[in-house]
Structure formats: structure tokens, C-alpha cells
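Chain naming follows the written order as A, B, C and D, and within any one chain the residues start at number 1.
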Amino acid sequence: MSKKFRIAIAGASGYAGAELVRLAAAHPYFDIAAVTSEKSAGQSVASVFPNLTGVVQHTFEALAPEALAERADALFLALPHTKSQEPVALCMKAGKLVVDLSADYRLKNVAAYEQWYQTPHTHPALLHEAVYGLPELHRSAIAKAKLVASPGCYPTAAILQLAPLFAKGLVQLDSIVIDAKSGISGAGRSPALPYHFPEAHESLEPYKIGKHRHIPEIEQELSGIMGTPGAVTIAFTPHLVPMNRGILSTAYCKLKTEIKLPELRALYREFYKGERFIRLYEDIVPNPRYIKGSNFCDIGVYADQRAGWVVTVAAVDNLVKGAAGQAIQAMNLMMGLPEETGLTAPGSYP
Amino acid sequence: MSKKFRIAIAGASGYAGAELVRLAAAHPYFDIAAVTSEKSAGQSVASVFPNLTGVVQHTFEALAPEALAERADALFLALPHTKSQEPVALCMKAGKLVVDLSADYRLKNVAAYEQWYQTPHTHPALLHEAVYGLPELHRSAIAKAKLVASPGCYPTAAILQLAPLFAKGLVQLDSIVIDAKSGISGAGRSPALPYHFPEAHESLEPYKIGKHRHIPEIEQELSGIMGTPGAVTIAFTPHLVPMNRGILSTAYCKLKTEIKLPELRALYREFYKGERFIRLYEDIVPNPRYIKGSNFCDIGVYADQRAGWVVTVAAVDNLVKGAAGQAIQAMNLMMGLPEETGLTAPGSYP
Amino acid sequence: MSKKFRIAIAGASGYAGAELVRLAAAHPYFDIAAVTSEKSAGQSVASVFPNLTGVVQHTFEALAPEALAERADALFLALPHTKSQEPVALCMKAGKLVVDLSADYRLKNVAAYEQWYQTPHTHPALLHEAVYGLPELHRSAIAKAKLVASPGCYPTAAILQLAPLFAKGLVQLDSIVIDAKSGISGAGRSPALPYHFPEAHESLEPYKIGKHRHIPEIEQELSGIMGTPGAVTIAFTPHLVPMNRGILSTAYCKLKTEIKLPELRALYREFYKGERFIRLYEDIVPNPRYIKGSNFCDIGVYADQRAGWVVTVAAVDNLVKGAAGQAIQAMNLMMGLPEETGLTAPGSYP
Amino acid sequence: MSKKFRIAIAGASGYAGAELVRLAAAHPYFDIAAVTSEKSAGQSVASVFPNLTGVVQHTFEALAPEALAERADALFLALPHTKSQEPVALCMKAGKLVVDLSADYRLKNVAAYEQWYQTPHTHPALLHEAVYGLPELHRSAIAKAKLVASPGCYPTAAILQLAPLFAKGLVQLDSIVIDAKSGISGAGRSPALPYHFPEAHESLEPYKIGKHRHIPEIEQELSGIMGTPGAVTIAFTPHLVPMNRGILSTAYCKLKTEIKLPELRALYREFYKGERFIRLYEDIVPNPRYIKGSNFCDIGVYADQRAGWVVTVAAVDNLVKGAAGQAIQAMNLMMGLPEETGLTAPGSYP
């Protein structure tokens, strides 16, 4: 297992890309062969991300998928949604391992993709080859996959916090409300008025109420756990919170039959037994500040027995377990490496 | 109407108290007779709240309710919950106008108070004399009242965002989820670990899930609007958000029958017609940064028609419409002054 | 004095413009005749600044200086530097009162302007007619002026914190260091990478070290106080601090002869005697949070007698005393109104 | 070099302690034998620092220096100033390697210690055995030391940013101004009003002007570089900035003779040649956000040639290079390990 894999990171000048570079640079079995960025081509990585000064010597290059695939054994694509369809196909054709961080290969249903992303899908066949890259749900499929579609940040939290309940078929399907909150890095690195500091600071903004593109992913996976495609419809409201990183997802649902809290928690412990990156809380409530910079997904289950609701809370770092870390976790599996390789650093405090 | 009222503010060294002093100092019909604080007795207001340097010359004194009542025509009590029962009773006995900002006179049901606040109520008779101080719902009763119990910050947002739906009896009563978020000033001015800057910054914390003391207030008022005491039970989760001020409340419910969004919005416009401090948004979503320092409650109604949920969003400044401003709004009514007197300043931006 | 002045605000879709509108709307002797914005022409003010919903009914229009001047008695121009030269000249020609918030008429020395702003000045004659709009230094000249050049935000703090020392000729001229810090709103409302929330949060950035365009203003005014143009040269480093508003300026200098702290403070009290908007602190240190939203300039004088330095600290709200408030303060003087008209609201806390 | 050292961390429930635990847990040659905390004795580390859940299994114990020394080969003491004198002496007596993070053994001059810390020093002899733990200046002495006094956070930045100039004797000694800014974690983990979120947010506070206890450390080391004890006196003003972590130090000085910027920068490159944790910037200005969580000290040299000042800027993470990381860096040297062991992770971005 001492062999190193040559890896390439495309679209590395966004925040998820920067995290991929940071984590890849410290990964014992990765050699970074190339990093690409259209916007920053020709600039050194360190000049764009000064945190990496003295750590990474690379220079961004423009993306040429086929040439890139030749220089790498495995590729991470962190391109904008809809822009990843073709590069993925080219890398697959070259026989490489691919983890795609865009949404382009996450939805199994082509029509759903085309409706939510308002663009045709040019490689529908590949959709069925792609595995949804949530190792806690699809570990063995990922290990065998050539193409993994890495989940969105909100879905990572939302699916993991609800999966044990859906696996047991406990949830009243018309009762699911997911109120999610994200730090501003979730909006990407392109300046725009809503993310301009004086607009986003001392501010708290719900957006795309019931219309966020992460909805179909969450519904697909929760339905999948139940074995009934299309079964699940959720109310989902994301909010922008004035912090840099982190997602907190607060999910509400009713159960078909009353189950006491200790039993619910036992069910979660059982479901996530042995999972390296799931941490279950009882007395403490998950909070993004406990997982910043780490690949953990922290989950807590609480019951509002008076009102008859189960409330679950999940926290992930949107750029690590919600993006770069999870992509590497999947790639480790695809490469036959221990899943946690290069991902064990805890968050710092505070 | 040129006569000035002598007012006193008890418990003025907290954040709500500081806002009362700031607003009262600029109120054209208020003369501040006294401000009290146990903790800061003997110190000048300006030394505790330097923003008021050169604006207010008062010195905090210790609270002596009866003596205080003699020096004032009207009193604002911003004392801790459970500590206001007796001072209110003494001021009432002295025949003064009282707005109490604590929870001590908000709940009509003594048993509910004693259960949620874990303390006996020593003046249950006064509970029925007290009017819940939300002018948009109880304007005429407030105008006739001697004692007003000013609402909590979360309830102000939650009740106002849902009232029009409950007034029409539209809501499925088992479907109500209120996910509320507050700036840290909502936790008061006493230092404690959860509010220590490095703990609360880059942090997002759900707390008292299903157990917050504002729950019975919200349920009481929403049930009251329906005319059916005890009818309403809500799931309620408050969150601490890293900003100084502001509450954002995101409420989810299902309707008994489908109603199109334009009709719902018309219903809100009708319900809040002529209300000076309610602003209804459609294209814009309420955000605490639009109301900081002002007495507005901004409300938006959105529909997730795909999933069958109505989502309402409300924003208030927890220290103004959620505390000091609302208390003055009620007092204005009690004094026969125009309701908006001293409260018309909009928030600044950003 | 009950007559109202028709005022126009040009360039009102930036942050200083928004403050001008907010303050003008509450000013008892102003009628807002028009607000202009190239970027937002045709949009309602409330849609751009939702805090003003229900407060201001105006719609932004494109700037046409001559037509605008006809509709107003007095004009505030909050246009970008170098873009104000011509509009000012046109308004002056129309015989109106003008307060210009740009840098275009601040420097008396045409060559200095052309060097620091890298553009020719097309109306050098008007430069000498313009009065530098710091009422604490130039009150009587402002009262007689038709054209006032309102100071920059950093200079307001820096000049006011040092003026008393320079008025007495106490300062060693080769010892002046001004380390200034600003909230991000000081950078304006146009999104750009350095002000993108995730870049500016948990960040602290010195910029334009020794090269900021506010330097010649500070040097001109401090030299002017001494009566020796060109006498003063300063080291000046501005920093961007992760907060919305406020400037804190920490200035260091050595004195020609040792003066004890109480004597220095007495000198400041004497210099600023009767000033409505200067607050002097001793036990407390000025902090932007005490002046947010207000027109105060808070100043403290401290001595590091061990090391032989005098340290003065000044805080202003960059958008009020550092921009819109100061502009109105000057306009009040030009109109013969009490200087503090419409400017007496203290900041809120916290 | 495969042998592991048993290490103990005393005072581990503060922020520097938490960083020591985090970094020690990932250090390939450290076995954590014990962690102590008076306040949290009996509680698991993970319950106090949830970021370490699943990472560290230890429970805090009360400090018993002699017993602790028996169980460890090397000790990190992160106790409050003045409380470390005795424990250090006991651990030294037991023949262990000690890195003390308090100020108790930093000052060579007993009288200076007693004056600045207002307490007698009970082990003055040990003061002379202690080495000031800045590896970039005292590497070989540290490697031979049994006791290292790890520098304060401000001094780390201030000394490193000025050392090259002092080593060449270039600085006018009466011209040194250090304006330093720290994130709030620098104030420790004990809640108090100035660090209460609503007080510290949207706030910027100079404090202890000319009186901060880090002054004598900086003066001692800069004088030491020149070889003239007592030669250096500085003006030093620390400021609290609303961010969690990071120190930015902006230092101003005049040189005895004019030196062009490229030459100055060459001098810095030469002085810090081969230094693993010093990064020199030219086009970019150091900013705490580039070094968060890492052991780097970023330095930039700028010249304000117009005004005749050299401005240097340094950034460190107050809890890593300014505390825990630097302590481990010194301990690595004392243990004969490569200096950077366990310290190579770069900061994350953003």
C-alpha cells in the first residue's frame, strides 16, 4: 500500500477546491499531479490561497480533461454544476477513477436533473454508473465504482440525520421539515451583493424557500433507504448565517408510532456502529464549531414528546464532510485505502 | 397632549433596559424620573452604557418599588423572570401604569406559569387584569389596561407571522413547526460560557429544544386567536446565531385546504391593514438586518406548493419590537398617545 | 425657522447615500426632493434598502445635475471620487448649497489632488471656494460657505484626535504614527473579493500602507492648524476589521516637552468645550460600538509615560460622523439651522 | 526515533491547553499520559472540548505536579501567570523536560518580573536556567535546555517581525511603535463582560495602553538581539478585534540610515533563510486568516519612504505559533526530534 496515486483536482480555485488541495497535500498516498482553474490559470496556488504558501508549489492550469486524465490516476472535479457532464465523461473514457463534486451525476432520474438544473443531461447512461458518494450509506458500491457523485453539503447533513429513521420506516411521510443553516462559504467564492461582508454580517437570510436544488438529492436518498423511489417529499428551507463555515441542519418529523427517546438513540447507535466519521451526541447539541476543518458529521436526536415531534440536529463542515473531505473519503474507498486516510484531523477549538 | 409623563425604568442595566433608556430619552412625552439596577446602583448610566454619554445624566439606583412608584406616573419593569411579581403588584397598588417586560404576567393559566417557570405565582388575580402587550392583537384592551405584560421576543415574531392564518382557522393543528433564530443579545448581558465570544462566534447552537419558556406564550396567543384555549401545540426550536441583534423566525405549517399564494398574501395584507409597525414582503425575504434598532416586524409569506407547506418568515429586533420598543408602543396606548410616538426611526443600513 | 429646505441626494445607493436618506427622512427641516443613483435608477429606494420600507417613498433617478439643482435648494453629492468635479460646478453655478462627500474638493493644493487621485482637476478655482467640512475646526467658514467638501472617514477621526495637540504646537513632527482600523462598510457597497464575507470575516487586513488617499487630507488639516502648510508628514496604515461600521484610530506621537496626562486632558476639554458631538473619555477607551449610528466622535487621550509617547484614540461611525452625519451637520450650519438638527440620536447598545 | 515520549499537559482546559491536546494527539512521538484542569477535573476532555470527541479518551484530573512528573517524560504547563512558578520547579526537580507557557520564566530580570506581575518570584535561580522559547532566535539553547519559557502571543509576532532590523542595529531606538491586534481567544476562556459576545462583536477595543505585560518580554528580546540589555523601549498598544483567533502586529520604526525596500527584504530573507515556520510576503500582506490553526508566522516588510518609516506586519495564530504550536516546536528540539514534527498542517481557507 505504499504506492502513491497521481491525482488531479479540476476547478481548484473555489473553496471546495482549496480544501481538496489542502487535504490532498497532507494525504500520504496522493501525489498532486495538477490543479486547474480557468479563472486563475497561470497563477501559483499560493498566490490565490496564501494559507498554502510553502506547502504547495503548484500553479493553476487551464482545464484540458483528456490531457489531464493522462497525467493522473484519479481525478477530483470541483467544477460548477452543469459544467462537469463532459469532463466526467472524458475522464471515464480514459479509464480513470473520478469523484465529481458537482451535482451533475447525483440524481438518478434524468428528468429530475433536467428540471431542477434547467439543462439537458448529455450522458444519461453514466448517471446509472455513478454512485452517490455517501460512504455511510453506499460504502460497498463506492468501493467498486469508477465514478462517484459526491453529495451536496446540505444533503450530507440532512440524509445522515434522518437515515436511521427511514431505514426502519418510522417516519410519517407528510411531516418532514428540514430547516438548514449554512455559513457563507457555502455560497462559493465569487463576490456578489448578498455575500458582500456588510450585507451578510449581522444578517440572517432564508433563501430559495422550497426551491433549493439540494431538495431532489435528499428526497432521492431518503426514498432510496425506504426502497420506494419517489416516496419522500420534504419542506426544505436553507438559511445563510454569518459565519464562514459549517452547516447546521435541524430536521423535524413525526413518527408513525411513539418511540421513547432512549430507544431512538439506541437505534442511531446501532445504525452508525463503527462509523469513523459519525459522532452521536446526547447531552451536547451538535454545533458547527465542533467540526470545523474536520470530516465529522455530528448528530443528535431529541424528542419534543409534549408536541409529538422528533427533532434531529446534524452539523458538518460544508467544505470537508460536505465537500472535499467526503470526496477523499470516497476516493480512498475506490483506491482500496483505509477510508479515513488523510482525514483524521479533528477541528480546532475555538 | 403636551404634558409629559414621569416614567421610571426598573432593571435598566440589561440590554432591554438600555434600549428603554435610549428610546425613552428621545420620547417627546417622557421624562425619565429614575432608572434602577441592583448590579450597577450608584454608577452613572453613561459609565455602564457609554453610547448614552452626553445623552442621559441619570445614575442607577437600587429598586424600591413603592418609593419609585411615587416618583413616576408610569413604570417599565425589565426585571428577571419571577422577580417581577411583587414589584408589579406594588406599582399597581400605587395606581400607576405598568408595563412589565418579564414573563410574570404573560400567561393567563397560573398552572402553566408555575410549571414552565418552576415557581409559585403570588398574585394570580393580577394575571387576569394583565393584558398581553401585543398591540396588533390587543390594541383596545391595552389602551384600557393598567398592567400590560409585554411579550417575549420569540413570541412577538412567531405570533405575528401566524396570526392571520389562525384568525381564519386555516391551519392543520398538528403541523406547526417554528424554527427560530436569535442574536446573542437575546441571552442577556450576564457573561457565561455559551455567550463568551470565542464560543458563540463561528457557532450556531440549537438549545432548549421543545423546552423553551416562550412556548406556552405562543400557544396561548395562537389558541386565543382561534377562540379555543389549549387548541394549539407547536414544535419550537430556538437557535443562537452569531450576530448581536435580531430574531428570525421560520414557521412551517400545513393548511386544511389548499390556498394559492396570492390569496394568502392578500389575507395578510387585509389582516395587517393600517398597522404602523408591520411590513409585508413578497420579493424580498425578511432579514434581521432590515429592522435593527427599529420597532418594525417584517413578515413574508411563501408557499412550498410542491411539498404542501406554507412557510412564513418574520424578523424583529429582539430588543425593540421584541422588548423595549413594544413596551413603549403599549405604554403610548395606555397613555392615550399616538402608538408610534418615539418609535418611528427606521433601522440603519448596513 | 419652520420653512423646509428641498434637498437632493446624488449617488444615494451607496452606504453613505443610504445614511443620508435615513437621516434626511427624519430631519425636521428637510424635504427630500430627489435621490439619484446610476446603478439603481428606476428602482424604489425601499427595494434597494429594505430598512427604509414604509419610511421613504422615493424612486432612484439618474443624475442630471442641472435639472436636479432646479428642484432643490441644497444638494448632497455622494458620488465616487473624481466623478463629482463637474456636478459640483453645475450645482454651484445654479446657486445652490452644496455638500460634496467625495474627495474632489477637499485638497487645497491642486497638484496634490492630481497626484493622489491621478486625474486632472477641471475646476481648480472652486477648490478655494470650498470649505473643508469639519465643523469643529471650520465652523464659521462653513456657515458662510456655498460649497463644503465633507471630510473622509479616517481624516475625521485622525484630525479630531490630534487637533488640540497641533493647535498648541506640542508635537514632534517626525513622530506621528496613525494606525487606523475600519469596518468593512468603509470599502463601499460594490462586491469584490477582499470584501466577500468568507474573505473578510475572521480576517484583519492592513492595506495601502503609507499610500491611502486620506493621507494628504490629514496632513493638510494638521498643517493648517499649525499655520504652516506642508509642515506635517504622517505614517498612516489603514486596516480592514471584520465589523460592519465604525472607525477606530490609534495615533502615536511624541511631544516636544513632557506634559502630564491630566494637563493634556485639560487641554482637550478646553479645546472641545461646548462641542456637541465630541465626547472625551478617560476611564473608558473609545470603541466604535459606542457610536454606531450616531454623529459622535469619541476621543480618549492616554500617555505611555514610560516610553515617552502620547497615545490618542478616536472612534467615529464611518457612515455618520465620517460621512452622512457630518455632511448634514455642515449643511445645517450653511442653512442657519442649529448644527445638531436631526443628528441627536445616540447609538444603540449593543 | 520510534520511541514515544510520555507527555503531560497541565492546565489543559483553556484554549492554549485545548490546542496542545489537539496537536499532541496527532503528534507521532507523543503519548498523552495525562491532562489536568482544576476547573474540569473529573470531566472527559471530549465533554469540555467536543471537537475532540472520538479523538481523545482522556479525563481531566487535578494537578499534582510531583505525581504527574512521575508519569511523564515531558510536561507542558499551561497554567495562569504566577501559578506556574512552583509546578515548574517541582517538575525540574524530577528531572523532566518542561515547556512552560506562562510568563513565569520568561523574564531574566527578577525585578522586572516582580514589577510587571506584582508578585515575588520564588525560584529566581531557575529563571537563568530557562531559555526563552523562540526557536528562530534561540534554537541551539532550546535544544540543550531542560526548561523552556514559551513566549507570549504578542511577543512572538512583534519580536519576529523586528528581529532582522535589530540584529543589524538599524533601528532608531526612540521610534518604535507596535500596534497589535488580537482575536478574542487571546483573552482566555473565562467569561467576562468585555468578551461577552454582544460586547465584543461589532467592537474594537484598545486596552492596557502602554501597560501590557508582554512589553518587557518584547523589550528584553529586542535588546538581547542587539546585545545591549535594556536598550529598547517600545510604545505598545494591544487591541481586541472581533474574530476568534489570530494576531496581527503592525510595527513602525525609523532607521538610522535610509535603506531601500528591496534591500530590507533581502535582509529578512537572509535572516530567516531555512526557517520552516517563517513565511515572507511581498505583494500580499500578512493576515491572520492565512495562518489559522497553523504554526506559521507570516511577515511582510513595507516602506513608507515618503514619510520615512519602515512598517512591518506579522501574523500568527495566537494559540498555535503564539502558544501551543510554539511550545511543541521547542519540545521537539528538546527531545531531539525534527522541529516541525506534528506541526506541518497549513491553515484552512477560508
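In this section, a contact is a pair of C-beta atoms (placed from the backbone, for glycine too) under 8 Å apart; a residue touches a chain by one contact, two chains touch by 3 or more.
A quick map from chain label to UniProt name: A, B, C, D = N-acetyl-gamma-glutamyl-phosphate reductase.
This is a predicted model, so every value here is computed, not measured.
Taking the definition of touch as given, a chain qualifies here only if it contacts chain A and chain C alike; those chains are B, D. Between the interfaces B-D and A-D, more contacting C-beta pairs are found at A-D. Separation between the centroids of chain C and chain D, computed from CA atoms only, is 39 Å.
Mean C-alpha positions place chain A and chain D at a centre distance of 36 Å. Averaging C-alpha coordinates per chain places the centre of chain B 46 Å away from that of chain D.
Across the assembly, chain C contributes residues 15, 183, 185, 198, 201-202, 242-245, 287, 289, 292, 350 that each touch 2 or more other chains. In the complex of the two chains, the chain B residues touching chain D come out as 15, 183-185, 189-193, 195-198, 200-202, 242-245.
Interface residues of chain D, counted against chain C in their complex, comprise 174-175, 177, 179, 181, 183, 198-199, 201-207, 209-211, 233-237, 239, 241-246, 248, 250, 252, 254, 285, 287-289, 292, 302-309, 311, 313, 315, 350. Against chain A, the residues of chain D that register as touching in their complex are 15, 18-19, 22, 25-26, 47, 49-55, 185, 202, 244-245, 279, 281, 283-284, 287, 289-294, 296, 298, 319, 344-350.
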